[in-house]
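Structures given as structure tokens follow.
Shared between the two complexes below is chain A, which pairs with chain B and chain C, respectively.
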Partner chain A sequence: MLPPHRTGSRFVVHFLSLIFGGSLRVSGSFDAVATDLAVAAHARPPIWRNSTILKWSIQVVVLFVVLGVIWFLADQARSNLSARGIPVGYGWLDDPANIQLGEGIQTVDSPERRLTMSRALWVGMVNTLRIAVVGIIFSTVIGVLVGVARLSQNWIARKVAAMYVESLRNIPVLVQIILWLAILGSLSSLTLDSGPIPGWLYVSQKGISLPRVFLADGFYQFMALMGFFGVGIWLLRRRLRRRQDLLGGNQRVGLRLSAVTVVALTVAWFVNPVMAFMGPIMRGIETAWGSVPEQAVQILVAVAAITGAGWWIRGFLLSHRSPAGMTKLIDDDYFKMVFAGLVAALMVLVITVIWPGMASWMINSGSDFWGLLGDKFGDGRGARPLDAMRPTLTEGRFVNFGPSGLTMTVFYASLFFGLVFYTSAFIAEIVRGGILAVPKGQSEAAAALGLSRAQTLRKVVLPQAFRVVMPPLGNQYLNITKNTSLGIAVGFSDIVQVGQTVYNKNAQTLAVFSIYMLFFLGCSLVISSIVNFINRKLAIVER
Partner chain B sequence: MSIADRALTSEMASRPDMIQCRGVKKWFGDFQALCGVDLTVKEREVMVVLGPSGSGKSTLIRCINRLEVHQEGQIVVDGVELTNDLRNIEKIRSEVGMVFQLFNLFPHLSVLDNVTLAPIWVRKQPKAQAEIRAMELLERVGIPEQAAKFPGQLSGGQQQRVAIARSLAMNPKIMLFDEPTSALDPEMISEVLDVMKALAADGMTMIVVTHEMGFAREVADRLVFMEAGDVVEVGTPETFFTNPTEERTKLFLSQIL
Partner chain C sequence: MSDASVGVQRTVAPEVALPSPGRWIRDNLFSSITNSVQTVVFTVILLGLLRWALGLVFAEDTDWTAVATNMRLLFTYNYPTAQYGRIWVATGTVLAAVGASCGAWNINPGMTVRRLSVSGTGTGAFLLVIGVITPASTPSSIRTWIVIIGTALVLISLTALRIVDKPHRRSVSFASLLVTFGVAVVAFLWLFPFGNYGFTQGAVYAEPGLVAESTRVPWTVLMAIVVSAFFLGRETVRRLGEAGGLIRRSLTVFWVVGPLFLVFLVLRDPAFDMGYVLRVDIPIAAGFVLAGAVLISLLGQPARAELARIVGAVLAAGAVFNWMAGFMGWYPMLQKVRISFALLALLVLLLPTLAGERAARLRLMGLWAVAMVIFHWLITGMNTPSTLEIAAPPFLGGFVLTVTIAYYVMLASFPVGVLLALARTSKLPIFRVLATGYIEVIRGVPLITVLFFFSIMLPLFLPRGMGISDLAAVFAGYAVFSAAYMAENIRGGLQSVRHGQFEAADALGLTTVQRTGLIVLPQALRVSIPNLVGQAIATFKETSLIAIVGGFDLLRIANATIPNQPDFLGQKRPGLLFISLIYFVFAYSMSRASQNLETRLGSARA
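Let's look at the complex of A and B:
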């Protein structure tokens, strides 16, 4: 293995010779490695024929062109808006909203809790996420069931599933959403004694109201306690697994674990106030965090960025070492290492020059976070982690997020049903395709070994089908998230509808659209990174 | 003497029957794949089935562990008749090992997990014990050092040997081989055939569908020639290759030898 200082000098010389297209001559004063490289560098192709140099320089040029075009457009928009007297920027986010929101975590403006523009947009985002997350869960469950049913040996199940898929995926989703609104709107009006189960479950043209389970005072203490118990349960699980491996037969691992978990949950439910001591600890962290000087954070971030880049480059070089020594790095590799260094430099530049306020922002939000956690832990507050409440009528209607149960408005419900049924039809087809993609020989081999049908499915077919299913399933999750914007057709207060109301009021169309784009981009990136992570975990080793 | 018992030496005739087929018929839609096959396989016998493609060789052995369902006739494996009774089917399948032309290893499991899957889940063996047994079997087929790898990382010959070890892990009484070397590169055929020869020498009851005439001549106790869903000729290797009685057998041998 080469000592680091030699690697470093070799790296610098090589990179310089790369840039100067092999014209660089190194005098004899360098060490032997460098001279060797200079000889090798002499044989390089001229710069205009070096494919690596061309590839990277074209990328740099394209990057600058794209940035230039964006800057030009932004500048045009800025001057045009100024000419029309519309302020540029995001200052309006703190203005009072004066918007009537249909539903969400906050619908009215009150002196204690102002409904600003940013708050209104946040309410819209939460509404969108409510539909997207719950929709993803439900469409997956329904889709998997229907997909498996389409391959069932039961003739009726097969035909019913086929009809479900063919009818739902061939009608535009917007039509389905509006149809659901029409169906729900034709239900009877809401009274105290209406609903399938009066006092518990109401279904009416106002929506669907059911008891709400919510997090009560003891929740965070309960979760912290369960965290400790979880470690114990995990250790027990490991022990039981090992026992199963050693003894064989059926050691009832699942049954024993569930029993222990139930006991742990019960204990934690009643004794959770013991965890209240964590509140003061977190307040302490809040104070400590808040008293960190800005310069210290700046230095810390800068050091972290540089160290990070250094570690990355070191790991990169190490991964290119064979037992015999350094493998030859290709030109791409040198550019990659320089790029890592540039990213670190940019970070340093951002924290010190471009956005010096970032340090104080990190200090404030960090200490706010710990303060919030400290508040949640309280000082030995109420013992119950969860509480439930039945829907109650106030002024002839249900408040959908108040102390009055949980209400799915007809707008939410129609968008939800429309999206879930539509998407589940596609997911069913994906699941069916995934199962059919597993070669028949696999289940034959499993059957020939004596595995039962259920074992074959669980141990052989599904693990392989899941691998095929995952990427298109991720696409459907992205679709359902983006399709929530169709809520505008039924007046559901999702981010798009709220945003539209906002820019109709203050003409900040571009700013609102930039928020839309960032929001949906963020959602999509989260979903696809989860899917990619699972994909990597499931990848079959080929070579 | 019925065709099923033809060409048996008196010593072999005295052994118990492992597999009995009586008038087995099988249709795929309108196409009749098996037209009343009669066949008896004795304990510790190696039977090689020959015939042109489409003659029903594979269908026959797939019927024996009920990967295909025969429609008429009777198949009795180790004293248990194959019917729709699920318990019988699972019992027979765990006693009859099968090796496929395309290996059909489980690509998502390591070699070791491929071999231990059935012992752990069907026989409910402890994992540690199943793994010790699996390593013995991998040693027997000559690739213990590949245990941690995945099937995709092995050559065709190695994969087929893993497949043999996987079947042997269930301690089967009978092994069925469905053209085990047809998908292999020529230089890998012998490593698989060597494993099969060693298995035969250990006294395993085997039915082998193959085109490897050298193997058939060397290892088989009896040869069966099938054509168009019928057993045409049954004979010992000597008489079969040097002095076949049927015209169709002669024609087949003249084409392949």
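Let's look at the complex of A and C:
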């Protein structure tokens, strides 16, 4: 039973409707028609009854309230911080860290390589990414296997997979991580002859260590050479494909291509020192990059921002054009264009006024990058691109980095196991849902065409399932990246843990939190753009 | 594995008779070569994993006395033994409400005898397997019990399948399940030799035999309460017929405010200073009740909607100013007065929508009075010192903390989530940008950083002289975090509401508020229920993060408190395994319930 419609003053109706969610999802044209009718009926409404003006005024008021609250809070924080004698800003990033990190690409301060605060945070970020990337790969593989097993014809396979999923996803991941630490911590201590396979595989309370393949000196020369070869192989592939289309039958495209690739890899493996000439080129680029004046970068970024906004607005206007002429733009459309302009203006403001150092930072890091790359190309040294090594023991503990076996410390291992098993349970459910979402007719049609079960799965079911699976899968990847922050509970030196050590030392809590936020938002952005890219690739091409 | 998943297994139609065991094994385990290989491989995997897990549970260095002795610590943390009756009263109230709700809404699990028997047989067989492969370090009494229970389950289930005519047709009522559960719990408490563990003067004592009297008796009473509350609720609603809705409505109200009452008034036991209460608190509450009543009677008539809106806007502006003044410290005022004033403004703003005839106005006045009394009672209770004599400060801890936080985070983030979702789907661009920014930023960062931020930074943001307790800060952070996810779940529901619904509402001449509140939201929320249950499960599991930011929840106790007791130095594993089991039982049953709900909602819609 609905209450009878009551007529009130339009002013307050609009006022209220704006407070409580506005005119939800009514199409623009509908509203526009309504406005037109109103205009026709009342000629021109007074200002306090003009819905457009009302809408915008209430929005601006709310915006100012929100900004005011933020400003007020920031002001409070600043006065509270200065009362405690804590400077505001990021100047502390270059201070020596004076902390020892649990693990990572650099753990202690040394004369050659200072461990500054920013460097320590960087080590934390690398640790986070390390576990996130490896975790994503492993949880996907396990998740897909379990998800497929959940739909197996075999009763035991189904039940085992279901037990795996239900038990792992219903226990908090943090509890699992800590339980793994408790389990690994109670293993035997490490000696030379311990481990399941002495010399090859060690599992002890110090961690898990196994042989590993690592990038040797020749790797970058090898990759550069392979880049050249890659272009050739791609051209060859195009030609072969065309030939296949022309001649029909089986022209053994895949076979030929893989043969050529193997040959290219072998050649590149042995003759990679020829690419040593790239070193001087890279250093040249480094010098050239470093000599770019700051103003040029500022102007470039400003121009790029303004042009980008201009292009976006142009595209937006073009998309509103129809054969009958321009569609009527509503205030929301104008807002979008103004917003694009505002974003561009903000970028210009940042590069010129707010953070002028950004230009020189961009120049420096760019030239550093090329210099670093230049160092990788030696004068004919390091013929081998990859090298492998067994775990080595020094003084009863593992050498964590450097030329040695691959070692997971217990902290890494417990976080890794916890995250991977927990996330793989969710991925398994997603994969299962995706496969179930493929209509049964598809596999029946494939069977009717005479495809084998494996072919049906590989060529018909899974590609379609992946389309459904991709967005939630991306969510899980984001989750695993964010959940690496639970490393703090087991003492793994991820970004959050290092950050906490940092702000416990210098009380720069706000600044550290802003770094957290930027880092994780950056990760989210990267992962979601990769997922979106794959999604677009997988999308059904419709005419 | 590659050929596994093509033929999708749907649930078998219930009318099909059970195949003979030999036939079933041939069809499901050895139908082809790959199938046989899978059977062998997965059997080996299963047995290996089980054996490994059992090895963890029954290892020689795992001292389960650590858990048995610290049961109270795990569930209620440092709650003083002298006042433990409060815990029982609170638990009893919650369980009574659970039972009554199940009865009042006439819960029906839709379980058939056959399904129950099949799963019973499966569980029994699983227990038998465990009894056989469990490692030698397992105490022989436990092994015997596992085997006995497993055999009993298998025998009972198989007999039930034989005796009951047409088992797939005969459904099992919730009442009988509940009674069986209660009887089983009571029987276990009075028959099963759990042993009696505890501390006397700091020393652990462990006696074989039954559980302590102080555990056995209350739980027996509690089980009786659940069962009788169920029948009471069911029969009352059935007898009352139309008026049964009142029971349901009051139960709903209980589920919103009841737990707060139990936590802050029963468990915390504030020591009210009656003189002050009479002089200050009651007059303030009475004033607001009166003011609300006057405003309702004056402005609650449909004819005065316009005036009500204007007065409401003025009052809202006043409330905002009042809050600003509070933060700036312009003039002192009790927080509860500020909040009540804001609530009053909200009431007047909603009056045009709620307005009606005399009877409706009177009902509204009654509701307002009840809400104000409850609110002021609670706030006063929270701000009064407690009578509890606790060694360590937080009176909330262990499982109670986990459940309370999870429950109220969901409850608090719900309205915020709805508003955010509406703002994000709104056509007003600034609202949309603000909501989108909030949601995406919060969803982009991990919960733990949000919790750290709130527990460390919130005191920094507050004006000097204003404080917030650690737990409250963590709770606020969690609610802020959860609201963003809530908003996304509800947005999914909002987007599923068809366009025609909006147009029909407009055609009826509803205002935007009415359209949103009466047409759009009810449909959107119904669609998002399964997602919201999923979020509730996630929220429940993620309360474990409170352990990192300083709360004494289950995880912190199992991982830090128990292993630091001199008697159980370093005993982390039993505690962690035990809390894993607690989390599992609750999360799993919630997810099963949500699956049932989803099927029912789906079939109701179809």
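Following the convention adopted for this analysis, the second predicted complex is superposed on the first by the 374 of 543 C-alpha atoms of A that agree within 3 Å, B and C clash if a C-alpha of one lies under 4 Å from a C-alpha of the other, contacts with A are read in each partner's own complex, and residues count from 1 in each chain.
Here, a residue touches a chain if its C-beta (ideal position, glycine included) is under 8 Å from a C-beta of that chain, and two chains touch if they have at least 3 such contacts.
Just so we're clear, the structure is a prediction, and the values are computed from it rather than from any experiment.
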| item | value |
| --- | --- |
| Touching partner for A:467 - first (chain B), second (chain C), both, neither | first |
| Which of chain B and chain C A:500 touches, first, second, both or neither | second |
| Touching partner for A:445 - first (chain B), second (chain C), both, neither | first |
| Which of chain B and chain C A:244 touches, first, second, both or neither | first |
| First (chain B), second (chain C), both or neither touched by A:346 | neither |
| Partner chain(s) touched by A:459 [first = chain B, second = chain C, both, neither] | first |
| Broader residue contact with chain A after superposition on the shared chain, chain B or chain C | C |
| Touching residues on chain C, where the partner in the complex is chain A | 1-9, 28-29, 31, 35, 38-39, 42-43, 45-46, 56, 61, 302, 305-306, 309-310, 313, 320, 327, 349, 352-353, 355-356, 419, 422-423, 425-431, 433-434, 441, 443-449, 452-453, 456-457, 460-464, 494, 497, 499, 502-503, 506, 508-518, 520, 537, 541-542, 544-545, 547-548, 555, 559, 572-573, 576-577, 579-580, 583-584, 587-588, 591 |
| Complex contacts: residues of chain A adjacent to chain C | 2-6, 8-9, 12-13, 15-28, 30-31, 55, 58-60, 62-63, 65-66, 72-73, 76-77, 80-81, 145, 148-149, 151-160, 163, 166-167, 170-176, 178-179, 182-183, 186, 331-332, 335-336, 339, 435-436, 440, 443, 453-454, 456-458, 461, 482-483, 485-486, 488-489, 496, 500, 503, 509-510, 513, 516-517, 520-521, 524 |
| Interfacial residue positions of chain A with respect to chain B in the complex | 244-250, 439, 441-442, 444-452, 455, 459-460, 463-464, 467, 538, 540-543 |
| Residues on chain B engaged by chain A in the complex (per definition of touch) | 65, 67, 90, 93-94, 96-98, 100, 102, 104-108, 117-118, 120-122, 124-130, 149-150, 152-153, 163, 166-167, 170 |
